[in-house]
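After this come two complexes, each holding subunit A, first together with subunit B and then together with subunit C.
Coming up: the complex of A and B.
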């Protein structure tokens, strides 16, 4: 339960991967050139159109690596004299991109709207530090689902703040694209909002689509600008064709364009699995973080000493889990992180849950003080009819 | 009537009568008594302490204010001068602090809420992205349908490919494709996780092993993207306060890596060893002024084997000499020279016959000769091991898809089995270098054995835009006649030292001699028609 395989597209059936195998035979593995020079294949154009359709935006651009998408495009969008407001728990790629851009960075507390609003007001009122000139742009960097916490960003409130204070919003949907939302279109759909409210939609294909690479989507001017000014388009190799084909296949499946409802089934299955898993863990008495709908489930271990023991015991039971300690998390908040997938069956989840039950008793991990049972308590005073 | 005075212990009484010069000694002797370890004290001292305690107890018992006052005054007299002075200064300082005015922090805004609201209403940001004109040269990409191999279909026209860095022609190779297919069947496409979280497959470990053996180093590490390789390797070793001497013509990935590392960057003129030595000597003089700081700063020289921007080779033997003379470490970036130079394709170290252990870190990307995606670093074990925890592109990013790793392994197999392709490639490079020499209006920039040459305008028109337009016309002319070329693209505002506009000519091992000659003649025609 450790890999980011949310929709279960990391599969190896021969039929399933037939198109990918064909493309591999036709195109070969590499590209050997950057997008602007000779590396723009027709496959890339097809993929970009499909991504734009999937997200319901005007245009999109794809890149070869998810990490590099952030670290190479944020410097193209903002520069010196701009302000970046980034969440406390943002991923390293966002932090690196912000640092490379040369803009001033201010951090607000995780998912805390008051902190963000205070920073916005102070920033606009006071201007740039020392010179007090007005800021050129303000960019808010948030993630859809935070991978260590499992929490979902409060998108409606951030969009309201952004409109009030005229800032721009950059949403990194690395973990949430394909994994949340009624049809798997991500956080924007989950909250029922308009994709045009978010200025820059960014995501990766590594997690839900079982491939590699990243994309940035938004208005046509934004994407045109990135085609000319992004570091990746000019200097870095473009995505390799078989990987592009895998993304096209997976995305068509999720959108239902291949004629089956398999994509929708996968998304629904993921949602069910997530809810079931979280509910059972709550019942067992573990402490877990995160929003109830997020497929990333961190289970708190607290004691750094239990990290190794947990991982080894689970491996003995043939279950692979990911355990995280300092410095990725605070030292007293070490955790085990489960990634629920659509390809997990109910039996697999039950196996894992039973193993966790045993291990929880053995290592004393059931810290929760809430009531254990999910069954509603029956009161004596329920309405009953008096018998005549 | 005065209350009876309790007789003070004899030793103390004696001491109080002595002059000020010996007051200090008495005080220290008292403190010695109280601070000494619990050895059996001499009777006199025990009685002294007991007496003092008794006196204090009497005072505390409230036998009158006079007792306390008397004790205090006596203590006052007995205290040494320096102690009194110190206490006096402290008391005066506390009084001053209590009465001084508090100072305001400068950043606190003195704006009233109403003024803030007005400012917030008034503020207008710039648009997120400036508008891009429709005929920006970089906006309309060439669309390549089909594989970018030897014969390439660009914008519907079939051409011979002189623009992709497919030096050994492995993009189209059947063995490589079959290996990738087998891996696809076994593993699927993506790895769904970084190397630390179940993203390490046996193909990755095998590829690392093979690369280390091929380059004859101890260990190697793989990244999933070529650009990220050097851009993550540099900040892993060089931190704020360290000094990096880097060539002016270094590629953009190196520049980004240096920017992320926040070290002091010293540029030296391209391939100019005298300039580098001058900088090193200046640094040495600085170090002698502050030896303690010099001990903790790390110094690196960062060069490329074959420079992408100019096609030159770096003078490695002189660099090694400088390395040992001034004790700096060398990082070598071999993206263009891996699989090209040297008898077996091991790069610029084999070309010059230098022991590979002299270079501290070699980094290359697999996107040129190996026709795969990704990059690797190789070197000594303790150097490479460090990157497994500090390389950002390694720890925080998903690993290389296994089919690409398998393709790279097969490509390495082919390179090891046919070591004569490198010589063939070099022959072809020399041939076209010679053929392009006598074109009027264009000069050839690059070594004769470099597979990626640049053609620059002999006389610039003064404006970069016009130069680029002229070159574009030449490129279009060539494309119409079946030779695919491209201009070398740069980000004009971001490069530190912007190279002049040029056309990039790439030689691959698949091009026949007729094709090379044809390309040279078409370029000559194009130059004549456009520039005259």
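Coming up: the complex of A and C.
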């Protein structure tokens, strides 16, 4: 229950991966060169066109590594004299990219629009710290689904703020691309918004597509700028062709271009599994964080001593889980993070839920003070969003 | 059957104690050291409570009864 295999594309059947094996024979395993030098293959161009079509934007660029996509491209977009407003719980890659860029960084409380608006107003009214000149650019860094909380960003409000105060928005959809939205196109589709409202759409292929690497998508000028000015494009090796083929295969399946409805079925199955899992956990009396639709389910353990005990007992029952403690989370809020997948069947989820039930009683993990009833319709509060 | 039930319950209580005090993560020798110190401190608390609490309660009771007793006597004197 711990892998990021949201749509179940990390499968190992020989006939499923036939096209990938063909590409492996044809192109070899690695490219050994950067994009600008000799590493630009026709597979990369095909993949970039497909990604742009999938997200309904003008152009996209793919990179070999998801972490490097964030940390090497933010310095290309902002520099000294710019302001970065980043969320409290952003991923290390975003924090690293922001620090490498040399811009001023201000942090706003997690998913808190009042805090963000206050920071924006202060920034525009006061300007740069000593000279009081206007900021060159204001960039808001948020993630689609936060991996440790499972909470979904408030995109409509952020876009409204961005338009009012003329800032730019960088949305990291590492966990949400392919996993939320009626057809799996991510957070922008989940809220029914226009992809042109978000200036820089970033995501990774590691989670939902069962591959590796990241992309940045947006307007054509932005992507052309990044092709020449990004560190990854100049110095890092490009994505290897079999991985690119795996992404193409997975994306075509999700879009329905291979002629079947398997992609859409997977997205629907993931949504059902998520809702079922969260509902049952809530009924059992565990405390879970996050939005009801996010496939990342953090279950709070609270005591640092229970982290190891929980993981070992679950392993004895042949269930692998991911447990997280300090410093990824606050020291008193250690948690076990479950990632629901489309390839989980109802029986698998029931096995896990029964094991959790037993273990919850044994380790005293059922901290919720809600009275437990067997009928879920009695609850009026269905999500524990981390709000301040 | 009852003995087994009781033994399992006691083992479960010991396990909860290990988890709550985070002794579960320590090495065995660190656990023994923690147990020794914890039991020593607990024994000292129990001994102190056994020896001193009755005497303190008795003294406090006497102090408060003397305070209120004196007050009643003084008001009676003024009225006379």
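The rule is simple: the second predicted complex is superposed on the first by the 374 of 388 C-alpha atoms of A that agree within 3 Å, B and C clash if a C-alpha of one lies under 4 Å from a C-alpha of the other, contacts with A are read in each partner's own complex, and residues count from 1 in each chain.
Just so we're on the same page, contacts are C-beta pairs under 8 Å (C-beta built on N, C-alpha and C of every residue); 3 or more make two chains touch, one makes a residue touch a chain.
Note that this is a predicted model, so its numbers are computed, not measured.
Looking at the shared chain after the overlay, A:134 reaches subunit B, while subunit C stays out of its contact range. In the overlay built on the shared chain, the residue A:258 is in contact with neither subunit B nor subunit C. Once the two complexes are laid over each other on the shared chain, residue contacts for A:272 go to neither subunit B nor subunit C. When the two complexes are overlaid on their common chain A, residue A:20 makes contact with subunit B while staying clear of subunit C. Set against each other, subunit B and subunit C touch different numbers of residues in subunit A, with B touching more.
Shared-chain residue A:243: touches subunit B; no touch with subunit C. In the overlay built on the shared chain, the residue A:333 is in contact with neither subunit B nor subunit C. Judged by the document's definition of touching, no subunit A residue lies at the interface with subunit B and also at the interface with subunit C. Interface of subunit A with subunit B (complex): residues 2-5, 9-12, 14, 17, 20-21, 24-42, 45, 64-68, 71-72, 77, 91-93, 96, 99-100, 121-122, 124-126, 129, 134-138, 165-168, 199-200, 204-207, 209-212, 221-222, 224-229, 231-237, 240-243, 246, 320, 322.
Only residues 12, 16, 18-25 of subunit C touch subunit A when the two sit together in their complex. Listed in rising order, the residues of subunit B touching subunit A in the complex are 107, 109, 111, 115-116, 119-120, 123-126, 128-132, 136, 138-139, 141-149, 152, 154, 161, 163-166, 170-173, 176-177, 180-181, 184-193, 197-199, 224-228, 231, 251-253, 256, 259-260, 365, 367-368, 370-373, 392-393, 396-398, 400-401, 403-404, 407, 484, 486-491, 494, 504. On the side of subunit A, the complex with subunit C involves touching residues 303-306, 308-309, 362-364.
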